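Shared chain: chain A. Partners: chain B in the first complex, chain C in the second.
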Partner chain A sequence: MIKVNTEDYPWHSGMTVRNLLDEKLFTFRHIIVRINGKYVPEEDYEHFTIRDGDDVIVLHLIAGG
Partner chain B sequence: MLRYQRNHDAISEVEQAILAEKRVLVVGCGGLGGYVIECLARVGVGHLRVVDGDVFEESNLNRQLLSSTMNLGRPKTLAAQQRIMAVNPMVEVQAIPTLLTVDNAEELLSGCDVAVDALDNIPDRLLLQQAAKSAGIPMVHAAVTSWLGRVCVIKPGEDLLNILYPIETRNTGEEGLTSILATSVAATAAFQAAETIKLLLSRPGLQGETLELDLLNMTVTKIKLI
Partner chain C sequence: MGTILKEYKYTPAKIVHGYSGKSLYINLSDLRIEEKVVTEFMKEKFTGGKGFDLWYLWNAVTPETRWNSPENEIVMSVGPLGGITQYSGTGKTLVASISPLTDIPIDSNAGGYFGPLLKFSGWDAFEIQGKAEKDIIIFIDGNNGLIEIKEAEEYPEDSHVLAEQLTREYAEDEDDMVNVSVVSSGSAAKHSLMGLLNFSFYDPRRKTVRFKQAARGGLGTILRDKKIKALVVKYKGITPNLNNAADLATINKVGVKYHKQMHDLDSKQNKMRQIGTANTVMIMSQYDLLPTRNFQTGGDPEVVKIAPEVFINEWLTQGLHDGCWYGCTMACAKCADHFLLTSGPYAGERVTVDGPEYECVAGLGANLGIFDPQAILEENFYCDTYGIDLISYATTVAFIMECYEREQIGPDHTGGLELRFGNASASLELMHQMSRGEGFGKLAGLGIRKLKKIFVEEFGADADLLEDIGMEVKGLEYAEYAHKESLAQQGGFALATKGPQHDEAWLIFMDMVNKQIPTFEDKANALYYFPMFRTWFGLVGLCKLPWNDIVPSDNYKTSEPAKVPEHVQNYVDIFNAVTGEDIDKDDLILQSERVYQFQRVFSVRMGKGERKDDYPPYRSLGPVSAEEYLSRKELYDKQLRDFQGLDPEKMSLDEKIAKLRAYREDQYEQLMDAVYRRRGWTMNGIPTPERLKEIGMDLPMLLEVVEPKQ
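Take a look at the complex of A and B:
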């Protein structure tokens, strides 16, 4: 089990950031991903592996006013 | 006072008197700022310092409360001042038609109890966060795009914007490219104004977290950041 935006979410072996974004339907153009507080750049989404127990935050990049 | 009769008992009469003595800096008088200024004045915050260097353009009309076909080309701060004079003349509005800069930030924050971040770009938001930290006052951040909105309360030193805007993302120019709906702006600004009022009244509110609004899927989610 991992945390995604403070809620429990099922983990599976080999889960990458891209897998998670696809599963959760995060499709906004600019996404911020942090795993255990550490920023994960977009170019790493395909191969960055999420570990069991990780705390994942996925946010939209929002800056308009 | 009849003006504030329907504020009570959501706000006590003692709290109403406290609000009348408070001063809030609102940086940005566009989408978020327009609605926040309106809410704060109607609730009865006594002193508003409103800052914006822009004038209204036609493209603002889809979402900015203070804009109208009558005031295109006129300063946003002036519109804010005139609007509040008409809505609640008991509120003092200092209209400062300038952009926030490193040089004027300290002076703009001087004497204020809370800073409201109603800006529209990442560098200026970070500048306000730093200035509010230096001044030792809390900042209420909000941002919108499309159907989405976000609100955070940032106490001095928490630097939540550093989490929301990693260094690698700060030059995307995203804010100028996406759509923004009036519904997202109004809803997000209402939450932003509510958090501002609660800070002024020392009531509990958002703490180290972001409130994420999604008006398309009708969700409101709190996410812990620190």
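Take a look at the complex of A and C:
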């Protein structure tokens, strides 16, 4: 299990940031990802592996509309 | 064409640091034209734009004034930063009046050239009071210092015809047409309560008149009630420093930095230059936020048919600069050229359709169950030229369609129109009826609040159901975002001063997706900061979109990325550079709060603006019907377990809906309490004298309203 934006989310072996974004349908372009407080650049999403127990923050950067 | 009824000559005031120092007053009942001085008091307390509008409006009306009272005014102002050409989104005109839908002050804004040209003609603000006897046009010639009021019975009503004719009439030649701007409404405005104002600008590349809309709250209805067919301003000679800024170098520097971001980042971020605000349609659907079939659900598989790529590839002209004021590199005012109309009085003609904006695709498309881009563009065109606020129209028709499908109304009531979700031709016919003032279309133009009463009292509809599904607060229809799962946005809409428009706060991602504001206090802080911050755009004459529809590439490194701190500092720097003032980002919020609290007290003065007026329909808070519950069953069952300690497996569907409703309604009450505390209001929603004093707004006229209600 991992945390995604403070809520429990099932983890699976080999889960990358990209896998997580796809599973959550996080398709918005203005997002940033922090894992255990550390920023993950967009170019690393495909291969950055999330570990069981990680605290993942996916911030959608708009207060617009 | 048209007899001149009145002429007035004036000496255009020189603009100093963003202000001309003069405002224009016209009374149509006695054809009186006067000049007023913009005082230091006004600048200090109200800054400009919407602030000036509300100040003048307060002084013009009484608590008994209604939208069609002669003393009601249409007031417009562009703000001290309006008209600068070095930054994006600087051509906004702010308009205020007492709304026919809400009976309280409405404010709405539009791009287009009118506001800046009005200011450069010497006027910081423009008040129109009284009513003309016959249809008239008001013309302001800013170069020659001349104002004319002339008869206009023979001019057409619909905006795309009228504005084109007036632009050609008042321009000396083709090159001069960019110097003319027209404010008009359309044939439906006088038959409905949701009339809008079109603000024109001439597009020399397309050789046609284009429009932006101040759409909300029935301003066009008031324009036509005053028998104004159009306002026309002409000013030739736009140069980079007509505002006589205190520090032009800083404005240039900030502007260059911003334009580089736009150039480098827009294609990677929101693609505003390709599709405009409609870029978010698919995203809204994917995040369950696209209002579908009267806000019942937040998306639909068919939305791919109206996705941004469809409009980009098949309908919208690409590669042209589509700014609605000089210097805007965001240039998001997209349009469909040579669009062939298939219905109504202009069937067979090819026209330029301004849009579609996000609200258009979401409202006239998904929320009506219409997933046909051609039908959406045709609805878009007719809403604009007939002068109908497409948000109020779409949300009203979505309500009507649901009433029809739930057999609360039927063909006997609609004159045979099959107003079911997805029926685009029925929606268009309704619109045409509205323009003619006929049939069920005329009734629809009254808006949801009045329709609920008619459907219940005259058609025998279920009052409780209609209260739950009629998406209006204070009499104004909701803007087009599904928001059941964001408590903060429920407040963002229902606690908005003028009614549920998202220009005060759009907190759905922060709240529902990011989980950044989990507590009531967090949400209340957001519902303090963002409405105050966003109010500021309306005070100074700026468009909100350049603030956060593009953000610096390192914005994520900041402590509060949702606020886009670099762009906030840009605004502080530009304000100081134009006006010569020395404000900081906290002063910016103070400027806003003065006007925000003033508007709330104004609403209280007019008989609304208390807790009872801040309640949303239940569909805003949660699932009304079994289908809605089942569409998010897993989520709702989980909430019953996690938040209420209930076992959904042992409950009937009706029990689950009822329990969830009780919980969510209680959550909303707690949110109201927290927001009221944060905004310095009593638990009945009345600004306190103490808070007014803290922000320097303990004016006797305001205290007289709030003190008896403490």
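Points worth noting:
In the analysis below, the second predicted complex is superposed on the first by the 62 of 65 C-alpha atoms of A that agree within 3 Å, B and C clash if a C-alpha of one lies under 4 Å from a C-alpha of the other, contacts with A are read in each partner's own complex, and residues count from 1 in each chain.
Rule of thumb we're sticking to: a residue touches a chain if its C-beta (ideal position, glycine included) is under 8 Å from a C-beta of that chain, and two chains touch if they have at least 3 such contacts.
Quantities reported herein were computed from a predicted structural model and do not represent experimental measurements.
After overlaying the two complexes on the shared chain, residue contacts for A:Pro10 are found with neither chain B nor chain C. Within the superposed three-chain model, A:Thr27 lies in touch with chain C and out of touch with chain B [touch as defined at top]. By the touch criterion defined above, A:Tyr39 lies against chain B and chain C together after alignment on the C-alpha atoms of chain A.
The intersection of chain A residues touching chain B with those touching chain C, taken from the two complexes, comprises 5-6, 28-30, 32, 39, 57, 59-65.
On the chain C side of its complex with chain A, the touching residues are 268-270, 282-283, 286-287, 481, 502, 505-510, 513-516, 518, 526, 530, 544-545, 547-549, 551, 555-557, 561-563. Those residues of chain A lying in contact with chain C across their complex are 5-7, 25-30, 32, 39, 57-65. Contacts from chain A toward chain B in the complex involve residues 5-6, 28-30, 32, 34, 39, 41, 57, 59-65. The part of chain B that touches chain A in the complex is made up of residues 28, 30-33, 118-122, 125, 142-145, 148-150, 163-166, 168-169, 172, 174-175, 178, 180, 210, 212, 221-225.
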